[in-house]
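Below you'll find the structure I mean.
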Amino acid sequence: MKDLNIALIGHKFMGKTHTHAYTDLPIFFNPDVRVVKKLLCSNEADVKEVSKQWGWESYTLRWEEAVESKDIDVIDIAAPSSLHSDIAIAAARAGKHVFCEKPLALTLEKAKEMMQEVEKAGVVNMVGFNYRRVPALALAKKLIDAGMIGDVYHFRGIYQQSWLVDPKFPLVWRLKKSEAGYGSHGDMGAHVIDLARFLVGEVEEVLCEQRTFVSERPKPLSSSGLSAVAGKEMGAVDVDDASSMIMKFKGKAALGYFEATRYGTGHRNQNFIEINGSKGAITFNMEQMNELEYYSCADADEVQGFRKIIVGEPSHPYMGSWWPSGHIIGFGETFVNEMYDFVQAIAKESKVHPDFRDGFLCQKILETAQISARTRRWQKVDEV
Amino acid sequence: MKDLNIALIGHKFMGKTHTHAYTDLPIFFNPDVRVVKKLLCSNEADVKEVSKQWGWESYTLRWEEAVESKDIDVIDIAAPSSLHSDIAIAAARAGKHVFCEKPLALTLEKAKEMMQEVEKAGVVNMVGFNYRRVPALALAKKLIDAGMIGDVYHFRGIYQQSWLVDPKFPLVWRLKKSEAGYGSHGDMGAHVIDLARFLVGEVEEVLCEQRTFVSERPKPLSSSGLSAVAGKEMGAVDVDDASSMIMKFKGKAALGYFEATRYGTGHRNQNFIEINGSKGAITFNMEQMNELEYYSCADADEVQGFRKIIVGEPSHPYMGSWWPSGHIIGFGETFVNEMYDFVQAIAKESKVHPDFRDGFLCQKILETAQISARTRRWQKVDEV
Amino acid sequence: MKDLNIALIGHKFMGKTHTHAYTDLPIFFNPDVRVVKKLLCSNEADVKEVSKQWGWESYTLRWEEAVESKDIDVIDIAAPSSLHSDIAIAAARAGKHVFCEKPLALTLEKAKEMMQEVEKAGVVNMVGFNYRRVPALALAKKLIDAGMIGDVYHFRGIYQQSWLVDPKFPLVWRLKKSEAGYGSHGDMGAHVIDLARFLVGEVEEVLCEQRTFVSERPKPLSSSGLSAVAGKEMGAVDVDDASSMIMKFKGKAALGYFEATRYGTGHRNQNFIEINGSKGAITFNMEQMNELEYYSCADADEVQGFRKIIVGEPSHPYMGSWWPSGHIIGFGETFVNEMYDFVQAIAKESKVHPDFRDGFLCQKILETAQISARTRRWQKVDEV
Amino acid sequence: MKDLNIALIGHKFMGKTHTHAYTDLPIFFNPDVRVVKKLLCSNEADVKEVSKQWGWESYTLRWEEAVESKDIDVIDIAAPSSLHSDIAIAAARAGKHVFCEKPLALTLEKAKEMMQEVEKAGVVNMVGFNYRRVPALALAKKLIDAGMIGDVYHFRGIYQQSWLVDPKFPLVWRLKKSEAGYGSHGDMGAHVIDLARFLVGEVEEVLCEQRTFVSERPKPLSSSGLSAVAGKEMGAVDVDDASSMIMKFKGKAALGYFEATRYGTGHRNQNFIEINGSKGAITFNMEQMNELEYYSCADADEVQGFRKIIVGEPSHPYMGSWWPSGHIIGFGETFVNEMYDFVQAIAKESKVHPDFRDGFLCQKILETAQISARTRRWQKVDEV
């Protein structure tokens, strides 16, 4: 079996999810390559210690080293969003396969360039919308493709977190446009929009409204991941706290609604999806990510009702590789599923979704929505 | 259409549920008799005023008057349990149809006598296990009879209330054996046992354990329904607070479990039922009484799961007489359904379930259980 | 105690809910007047029989008779929407107190006229948004008014029914603009908008998108309530099937979302409400109308979570008048609560909400939304 | 940092859970030793390939080699139950720390011997009741210890799986007493009993009833984990399919109920726990293992209700080591938590629970229950 040498750039939240994925892959799956955790990159000094603890063979402070190295087959980008495009473009030009966390780039132009470069280079490319690898959502896709809910009338995707409800929570990098590109819209909303495209189809036109509920927050003295310590100086929040959006789909009557908020008091990480169709319906909530609710109009009249499917059977996507019936998996395992599909695409020289084109198209909808929020009217995606 | 003249004995909690039932009957159902609220009886002085407010044509302080009156067709007994047998026996001997709230009597002997008298008199007789008229449970019965859950492996009936958790709650009549006959066992447990018989079959043998968690409580200064004001003097609780019971069914492998408690902290009135069979399963909870969960082994493998059926369709038992789809009914309406079946049985000169025999058989199981709790061993129902 | 003589106009679905309310009122509440079911009006011949069965003292085929009668104190309008304004205006001019089902009128102009007439006449007036009398929603209002969820960030009201999913379902009156005025928007959406006003505040500006998924349906051969038999001839649906709307509130940062659909596959009558605020959150679903979920930021960190409150305690609005703890009520009982508040306002010569002004303001938002759906841009409510 | 060399015996279901645990440990926790996956043992030939794929340094076909090796610090027993005692005793005598999967042994005598040997040897010893490391249950323990639910009135533990509902499912080793020791009772019931002891206290007396619903099944042609292919020859099931048990606790009024079944149609792996106390209550279900429901009597009257706590906060046990707020973990992660506590106990030379004594005491209750099932009466645990 051939080795597949990975260089991972980034060693924070996403760096950890990807490390975990590569580490667990051979225990649960049988990929056609041997995945090697070759090189961990970060410009922070603790990368040395972290690389050792996480089982990477070596480390570097310069991502360029990874791109230049002949040993490396895959560049996996889990670095801050502002670095995505430089790394991805260099990697593509060096002929490396590229995995990139979402959002692809801080601007649509950069995202487009990244897409063009990987397509020109002909390398396998994937963007980190890991929710497609939640078994319950993969099952939803399977049911929809099999026609089991019929034509779609309604899509609702409501993603709620609540970590900004406290006005004293500090101004972390996710609240700065220069570093994050977008607020809730790009961070959580990107997942919802990707799922809308995945499960329903292309978006034609959008109408968006945004809010920044708390416009000034204490600058952080220090921060790590989502936690931070507030200082005394105040600074301006220049991204959205919440986004609300009505959508039209291409060639479909379906009415779409999308929402992302960091002020969803009561919800830590609720990504609620509902799709109602002419033959059935499904609902999903990320906080109960091992469950899919499914309603079938074909059931006999007196016993119709939403079925709560515990997505933990060998017959369910990915679950045959995990534990026996009914033993659930967690958030971290969605990345193992994702990386399995990624490395298999490389092994079999095939395509994998969602690729950079999906990442670009998703970002285009985000941009379109922001234009609509400014102009306060419908905006066509194709005109952006 | 013929008039059916009702005399109702009792004007407290159950008196109100029955009055409500007779009052609403003609608005929602089309019985083959005209139900007339003729006479309200109670030995308490306010019966005059209450009878007027509730729309009864007349009142009396002596229940004997109802039994003796030629005008009266039906004696409906919603009086304290200690009066049930005297009234029912007198009514049967006078040739009146009889409805009696549960439990039939304070002792099994009295219950047996009541059963024998109504059967000898040939009058229509019914006992107030109103849960059989919860549409979701009537639907459960229908599914079971149609073989949709197959052979039963498990029956669980767990009825939890929590009004005794506070040790300062007074010693109301329901906690005195001389007035209530039984504690949680006879009050709530009787419903569970009736449902076990209704949905699964006859009970052969039982094993029971009981608790009285708080053995002394303040005597009430005054009380009304379930609410009461505590005095300073203490008195002994001489009924069970909680009962737990394992059951064998006649001619079935099914393993039964039953529980009734007034110390089910967190639950106001949860009557949870679960039945698992060879082809499917059902669950029910009285606090969501308009829902039945149903699981079918016949569903395709990847979409199996409990269906939450909102029991509010014209195709569901009783619901065609109520509101449009999905508009739910409440506790009070179960008595309207019940009284409809009762008066129709009279109109059509047919039988109705649960009758006094059901009431007696239920009480026999209660008694058997109490013997088992004392002897600390299995006890056969037929030997009691 | 004084008699309060009611004339009810209409004997279909709403006529039944109101009859039920007047009938049950004295059993559960102690109003300061004696409610008399005096006169039932309908221009359909079966009103005679129905009036008898439902316990009305008399009947008439002409609503004008009710308005002209000196005996009548209250005109209760449960007739087809197209008749609302004529009756209400005549009643007000005759000095009668008026209750009117929603929507007030087929057009905003008519609704305004009705409001002006009842205000000029100084009669007690109320519009039938019965959801305000769901105890769980009355409790929500109480919690919000007490500041328990703080400043509102998000309001979501999503009302889903599914009776139009079948394209062969006939073209009933609710699908004709000339008879219903609006589609899902006015029928179900009016409830959502009223709740938004009730729970959050006045709406300033709206943005709306509508769909008619199935534009032609078979004309009905006959119909009764929501059920109908399809004929062979086809006709055009000229109202909306679904409405989606983003809202700004006056003087509040809150972001509002509203949706009404008759294509909510899987849901018979789900009216879902969620409000997230700076100190807590609430959620509600009409299909579990006896429950309110409440989240408090004041709870200790490690035990924070949505509480499922079974709204069945004496401490909860209206519930002290119904059954003991945890015994739930149904859809029909919300009208009893509503009528109690209405007749008490008359007895005490006070105001009651929601009044015709509320009905008018709600309808104004509906109209504004329809303009927005046509112009495809934000529309200010005050400019309509 | 010191190395801690592990030898793992067994490479099936439990071998995989333990391998996963050791592998993920350093990514999420910072133990005070460096865990080394030194040696994988199994008497099946594929151990060579599996050891490589799972990242073990070496392998052996003889477990004795692991015990004899000076390099090895820890013997982790995930082998078939019939081998547990021989290995554990040899390991203890060799001075190795020992981890052993449940049940400790096939008989109580053997379990006792194992306990005595590890205690005599003074090695760190732990038994694999991983449910204690489900964060929601660890939180439950914390709340109970803090007095937040007060004195316990009721404990209910109902563990339902459904893989035997199909009568054609083969006679796998778990259905043979000679290999599994017990049926549902020892496999799933052991977890419930351990949780009863963990959360409530010692069991004094039990009363048990058991069933074997299907007494003959096809012998398997081949099997792997829980899946197997049925042959034509039939064989006898000689363990219980379902166990039902009423329990008394030592020095407590609490009434306990326990159930384990493989015929819980509709449930893949539902381990439901409910505890009602004088100050509050908790409920838990393994299928939603990231949630704990908690009810507090201290909440204000009108907002009392079960809180659904998403156990995913840094303030929750173990969760600070995993993902950000609200990102859930799965079944596999409970073993990582467990192994962290185990290796830390070794590093700090301290004790860890549940130890072999807990394993023995749990098994003693299982045995007592089986005696009760045969004698059909209450049986005291101390007399066994």
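List of remarks:
Here the chain labels run A, B, C and D in written order, and each chain numbers its own residues starting at 1.
Everything below uses one rule, namely that a residue touches a chain if its C-beta (ideal position, glycine included) is under 8 Å from a C-beta of that chain, and two chains touch if they have at least 3 such contacts.
Just so it is clear, the model here is predicted, and its values are computed rather than measured.
Taking each chain's centre as the mean of its C-alpha atoms, the one that lies farthest from the centre of chain B is A.
Of the two interfaces, C-D and A-D, the higher number of touching C-beta pairs belongs to A-D. The centroid of the Cα atoms in chain C and the matching centroid in chain D are 54 Å apart. In whole angstrom, the spacing between the mean C-alpha positions of chain A and chain C is 42. Chain A and chain D have centres, each the mean of its CA atoms, that are 35 Å apart. Among all residues of chain A, those that touch two or more other chains are 267, 306, 310, 313. Of all residues in chain B, those touching chain A in their complex are 139, 142-143, 148, 293-294, 296, 299, 301-310, 313, 315-316. Residues of chain C touching chain B in their complex: 13, 16-17, 19-20, 23-24, 26-27, 30, 53-55, 161, 163, 225-227, 267-270, 287-290, 310, 312-314, 322-333.
Partner chain C is touched in their complex by these residues of chain A: 149, 153-154, 156, 158, 160, 162, 165, 167, 207, 209, 211, 213, 242, 244, 246, 248, 253, 255, 257, 259, 261, 263-267, 276-281, 283, 295, 297, 306, 376-378.
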